[in-house]
Amino acid sequence: MRQALLIVDMINPFDFAGGAALLRAARPAARRIAALQRRFRDNRGLVVYVNDNFVDWKGGFADIVACCGRDGMPGADIVALLAPGPEDRFVLKPRHSGFLDSPLELLLRQLRVRRLVVCGIAADSCILVTAHDAHMRGFEVQVPRDCVAAQTAARRDRALALMRDAFDVDIRTSRAIRFQ
Amino acid sequence: MRQALLIVDMINPFDFAGGAALLRAARPAARRIAALQRRFRDNRGLVVYVNDNFVDWKGGFADIVACCGRDGMPGADIVALLAPGPEDRFVLKPRHSGFLDSPLELLLRQLRVRRLVVCGIAADSCILVTAHDAHMRGFEVQVPRDCVAAQTAARRDRALALMRDAFDVDIRTSRAIRFQ
Amino acid sequence: MRQALLIVDMINPFDFAGGAALLRAARPAARRIAALQRRFRDNRGLVVYVNDNFVDWKGGFADIVACCGRDGMPGADIVALLAPGPEDRFVLKPRHSGFLDSPLELLLRQLRVRRLVVCGIAADSCILVTAHDAHMRGFEVQVPRDCVAAQTAARRDRALALMRDAFDVDIRTSRAIRFQ
Amino acid sequence: MRQALLIVDMINPFDFAGGAALLRAARPAARRIAALQRRFRDNRGLVVYVNDNFVDWKGGFADIVACCGRDGMPGADIVALLAPGPEDRFVLKPRHSGFLDSPLELLLRQLRVRRLVVCGIAADSCILVTAHDAHMRGFEVQVPRDCVAAQTAARRDRALALMRDAFDVDIRTSRAIRFQ
């Protein structure tokens, strides 16, 4: 079964209320996501960046990466860790969920993806609604708990428990992910 | 600002795993919803039943109400409490969220509704995703905590806290709802 | 390959500008559709009524059939010809296209339908946009030219030619439809 | 009433069957669109490029413009005429209609756009379905007949007449467009 790694909102200016706390929590998650991304690339898995559009539809993902990775930007170290490669796909999302008003579902169906591994920030916001939207659209969903972050660990754990109990989401760590 | 009361999945056969526990928790919520529904009707508010379609698109909401309200059905007392009236609207939803693959958003926009009061079951499943979808589509959202239920009180409270913290949902009790 | 017959807007009050001309053109099409519907039922094909919702989400398809089939209603003879059976499905559409803000696509995918035979009225309006939406969503589409009608034959033929030339729609008559 | 100019698929490799005929017809339309685009910019109107994504979600609009505008590409002269400016928006569409699986509707609503002027290619394909989708979503729609092209003039005129008769689309030439 073909699976895709969705990297949600990790290319980020962290310029909102609570951004500093989220950035601190996002750094260890970013290292785990980078390791997982290498495993996907090594195993011909699909990597899709699903990212907020900070550029008001006047620019593209390349502009967002350049802007957030600039010297002095708070999340520049994460951009360096998670720089997109030539085979990676990306989808700009205008709302919290990667599936709303975006081509994500169509892209995944055309590539015959059936299982999604959803990583990134924030666990109780964009990750949660993207995972739920994926579940409602019939995808198998994993949200490896070491690859997501929220403003507090309590908010992260609450969201993970909810996804597991109410939507059958697999929340084991990224070590449990297998490639056939 | 025009508001609508969404009554989610209260017309229900309760024939699934965990259905008995959910039914026990749903009964007190049903009484609060019935009182709130009277207030909406008295104040020319809009009431919309947003309900799962158990009839495989071969029947309509009237068939679902008849089936779930039949003598001996576990949730028949709730159907009696929450019987739809001639001015109420209804939308059959094929997935957890009332907004997915349904005319709900269009119906609400045509009626110039801006604020939604989301009630029903289950707090950590259909209520949660419907509330999130409403928030992402720009509606103001209230989920009165005395008008929702889940299989356990802990699951209900976890979902309510998450909606409040991550999506600015107003979770005060139904007594806080005002009509202008 | 599983196919479905979509019967679009034939349950109709014909109470709009141009309704009388459309009704005259719809009658011969209705007889062809009725014959085709029998073939679908005999061959275990799927029949889906895709119909405008004249009841403002306060009623269901049964109410629409009852209302349009009442004695003295202009299209009552068509309702009699095309009365829905117990195995037929129906989807109420709020806009011209059967796919917009409706569960139609999900219903068809769950039933593993790949080919659609789109019939009904009006050829240059609801039929056209429903056929185009089906094509864009990856379905194979047939619009048998003897099973659709428009306010004038010229408008019908213009729409059929456009669908054939620009969207690869098969517009041969209903005799060309095969069941495996 | 705020209006937007949608420029559909004019940034194009013209590498498909019928591409040469479409390119010949697109050139005079491109000059009219360029003039209209200047008027929109001068009048603080909104310009949105709505373009096919030839880059399989591995690149963005900038890559598409660079690729199609390269020396020797058949439509490079059109790219030069219609080069996007810093204030223009763009939306990549994965299907024929600009509204399907894209953020276009949300973008237009956030910018409070009510009227759309749809230009580009092909008149009987992407223009037609984009105009119909806009009409069904409640926008006022103009398709200035001197600013669209199809593989033949007959196919263009057939599509224009259909939009006018069945969907109330204003098909007068671009000279009829007014700015308040």
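Which chain is which? They are A, B, C and D, in the order written, and residues in each are numbered from 1.
The definition used in the following text is that a residue touches a chain if its C-beta (ideal position, glycine included) is under 8 Å from a C-beta of that chain, and two chains touch if they have at least 3 such contacts.
Heads up on the chains, UniProt names are A, B, C, D = Isochorismatase-like domain-containing protein.
Keep in mind that what you see is a predicted model, and the values were worked out from it rather than measured.
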item	value
Contact-pair overlap exceeding half with B-C, pair selected from A-D, C-D or A-B	A-D
Greatest separation from chain B - chain, by CA centre	D
Distance from chain D to chain A - Cα centre to Cα centre, in angstrom	33
Geometric centre distance via CA averages, chain C-chain A, whole Å	42
Sites on chain D at which at least two other chains make contact	95
Chains that touch, pairwise	A-B, A-D, B-C, C-D
Sites on chain C touched by chain B in the complex	48, 53, 56-58, 60-62, 86-92, 94-95, 101-103, 105-107
Of chain C, residues touching chain D in the complex	95-97, 100, 122, 124-125, 128-129, 132, 136, 155, 158-159, 161-162, 165-167
